[in-house]
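The following pair of complexes shares a single chain, subunit A, combined with subunit B in the former and subunit C in the latter.
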Partner chain A sequence: MSMRETLLSIIEQSFEELNDTREPGNLLSFHPEVALYGANSSLDSVDLVNLLLAIEERIEDELDISFTIANEKALSQKNSPFKTVKSLCDYLQIELAK
Partner chain B sequence: MNPVTTPIYLITGTSKGIGEALANYYLQQGVIVVGCSRSHSNIEHESYYHHSVDVTDEQSVKHLFTWVRKTFGRLDVLINNAGIAAMNHAILTPASSVERILQTNVLASFICCREAAKIMKKKAFGRIVNFSTVAVPLNLEGEAAYAASKSGVETLTRVLAREFAEFNITVNAVGPTPIQTELIKNVGDDKINALLARQTLKRMGTFDDVINVVNFFVDEKSDFISAQVVYLGGV
Partner chain C sequence: MFIDFLENIFLSNQSKEAIVWKEQPYTYANLVEQLRLWQEKLNQHNVQPGTVVMVQADYSPASIALFLALIEKQCIFVPITSSVAAQKKEFIEVSQVELVITIDESDNARFENTEISSAHTFYETLREEAVPGLVLFSSGSTGKSKAAVHDLAKLLDKFKVPRHAMRAISFLLYDHIGGVNTLLYTLSNAGCLITLENRQPDYVLRMVEKFAVELLPTSPSFINLMLISDAYKNYDISSLTTVTYGTEPMPESTLAQFHRLFPDIRLLQTYGLSELGIMRSKSKDSSSLWMKVGGEGFETRIVEGILHIKAYSAMLGYLNAPSPFTADGWFNTGDMVEQDGEYIKILGRESEIINVGGQKVFPAEVESVLQQLDEVAEAQVFGQENAILGNVVSAKIRLSNSVNDWDKSQAKKMLKKHCMGHLESFKIPAKFYFDDAEQFSARFKKQRTKVA
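What follows is the complex of A and B.
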């Protein structure tokens, strides 16, 4: 499995973890263009925090590394890497390659 | 000792003073205590786990909390006791000293709160106790940097209490009076006596005084108590 596939799998598992806490009629669908925040997103700010933390924890556990998902660079970028699943995956791939 | 049901407490600055007293007290109460300090600890107890950590180092703190998560799967209480002071006239205080105080008292408290909340929110329960000081409300001369840093801790406490409320995590702070610890070993008796004279209750504080307030904040029944700062000595 490539790193990108691994990361997509981690993000998908984190979506499922988040869905476990949501009502059956309010589940999040997972695909690369899903908006993680903004007007088109089904996630509120707490959902986004929970999702990002779940991803951070899974990356640490599955890749056996120490990793902080929200670094200064991510928070200061003009186009937030946390906008969609795809942009998040792109960002994680770059960060983990460092 | 069942780590699945026994409460897990993390206390920073357990090598001496209030931190050591808090760790010994809670170990006597039957909880599991994870302690940390830059140096080693003299505490020897089957339920005590010591980590040598510089709390101003984000990566080291993150490793500590990851260890807690992987070892116990949860964290019930964080007591952010680690702190430093410097008592000098502002004109004689170097910027490096101010920076060191802000890093240890504010930055470290922030990092520990953040990492603790990540673990606590999974169980939708947590108690965080930060450390302020009576130097804040008394605006003590000679403690500009120390008091300013602890003002920062108080604001941190109130804002984090709001941010963490939805995870059922309470955040409060205790503000001790002078207590006979290494923190004030170089402060002259005249200065201490002048400070005590400004307190409503005019005596030095004790470890038990601090433990009493911390106990109140961490009690399961205190789930409606958050964003509060309790000063000792009637200040």
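What follows is the complex of A and C.
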């Protein structure tokens, strides 16, 4: 698996983890363009934070890399990395390669 | 007589917009009409001065007019919003509510008598002095909400000084000291209160654009979320001149980023407590966390790094907790501060309360929910810093021997599911740590994926 595929799979599994504890009528669907936060997203701020923490945990478990996704640098980027699954994946790919 | 000064302002600004509700403007003339209507309704229901009246509502023309009518009637006003619906029964008991008025989403009202008869020294004091009261629920260190009783006549005093009229968003809630402050400030200066149907950045900023909002009183988390959502890129928010934030410590980086994006918006930190009211404060500049607090009616001192305040508008006391005041009237805020001349900087709470995006979480409450499960032998709940929400709730769990064949994700899922039925989402631990690493190491083994 390429790094990108691994990250996408980690994000997808983290979505599933969130869905495990959501009401059946309120499940999140997963695809690269899905909005993580903002007007078009069904995630609220608590959901977003939970998702990011779930992803962090999987990155640590599966890649053995300890990385805090919601850091000050991510928050002060001109284009928010938390816009879509794709932008988050782009951001992680760059940051984890460092 | 208590709201004469407000009525005079309303009457001389009849054609001005007072409230925007569900995106519809209501003028001061409309507000006066609503006020008369509510005064009549209170009379029809034979509401007497000194009655403890709970109002469950969000901001609307009716709920605002009712608030004013209750002040004038010298009632003791206990506002709550649907966000605390789960605690409504407890709040009714603690504050000995005699009458509950519920205002629904269409602004229709329902009256219910509780058959409770209230008797408390603080209520007696208010009744003897023939002044209206206000009861606000604040956070206690054990998870039980504390009911702070205020003399509303004193709280109203500071609004008699005319200040700048603003078009303000009602971001803070109807039952929050900051919300009460925004409402009274706006009305006493013939400004306009723009009410919200939700608090998502996109919607809030759309309201700013649509209704030319000048003042947005909010929280650091909202500022974070506004930046993350990129919502500001979609709307013209040039009408906004001032953003105020309070209730939780602000990361300096967020402040700097906001200031870079919006150099013309004045950022002001406010400082207020349910027990004392909102103080006037002045930030050193828009990118600074240093501020001067105080103003008329407030004195401050710092004792062992903790801010103490003496306020003219301070509450009489708690209904259900011992007096937090020293004999000479000082209140220990529990906030640790740094001092530089006349400026202070809030470092954070002394106590262990976890502040998640401005909402308070008591470890004890979450721990007790976790411990309801037989599978949990021990639970310890604490806060961990988070760049988006300030803090998140984390829990360290020791599982019982009966479930020692469970893996981490199974355990997490079960714990979260249980919490869902008992806690609001922000209180549910976002991170679980499982204790007794040795015992669990076999099952919690890291799974590695090969990376090309």
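One rule holds in what follows: the second predicted complex is superposed on the first by the 98 of 98 C-alpha atoms of A that agree within 3 Å, B and C clash if a C-alpha of one lies under 4 Å from a C-alpha of the other, contacts with A are read in each partner's own complex, and residues count from 1 in each chain.
Keep in mind that, in the parts below, a contact is a pair of C-beta atoms (placed from the backbone, for glycine too) under 8 Å apart; a residue touches a chain by one contact, two chains touch by 3 or more.
On a predicted model such as this, the values are computed, not experimentally measured, just so you know.
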Exercise. When the two structures are superposed on subunit A, do subunit B and subunit C clash or fit side by side?
Worked result: clash
For this session: Applying the touch criterion given at the start, work out whether A:S80 contacts subunit B, subunit C, both or neither, answering first, second, both or neither.
Result: second
Problem set entry | Per-residue contact with subunit A, leading partner among subunit C and subunit B | C
Exercise. What is the contact status of A:S66 with respect to subunit B (first) and subunit C (second): first, second, both, or neither?
Worked result: first
For this session: Would you check which partner chain A:A39 touches, where first means subunit B only, second means subunit C only, and both and neither mean what they say?
Result: second
For this session: Once the structures are superposed on A, label A:I94 by its partner contacts, choosing first (subunit B), second (subunit C), both or neither.
Result: neither
For this session: Considering only the stretches 75-83, 93-101, 183-191 or 201-209 of subunit B, report the one that runs into subunit C.
Result: 75-83
For this session: Return the residues of subunit A at which the contacts from subunit B and from subunit C coincide.
Result: 46, 50, 53, 57, 61, 68
Exercise. Inside the complex, what are the residues of subunit A that reach subunit B?
Worked result: 46, 50, 53, 56-57, 60-61, 66, 68
Problem set entry | For the subunit A and subunit C complex, residues of the former touching the latter | 1-3, 6, 9, 17, 20-21, 37-39, 44-50, 52-53, 57, 61-64, 68, 70-72, 74-76, 79-80, 82-83
For this session: Could you pull out which subunit C residues touch subunit A in their complex?
Result: 200-203, 221, 224-225, 227-231, 234, 251, 253-254, 256-257, 356-357, 386-389, 392, 409, 412-413, 416-417, 420, 425-426, 430-431, 446-452
Seminar exercise, completed: subunit B contacts subunit A in the complex at 58-59, 62-63, 66, 69-70, 118, 121, 166
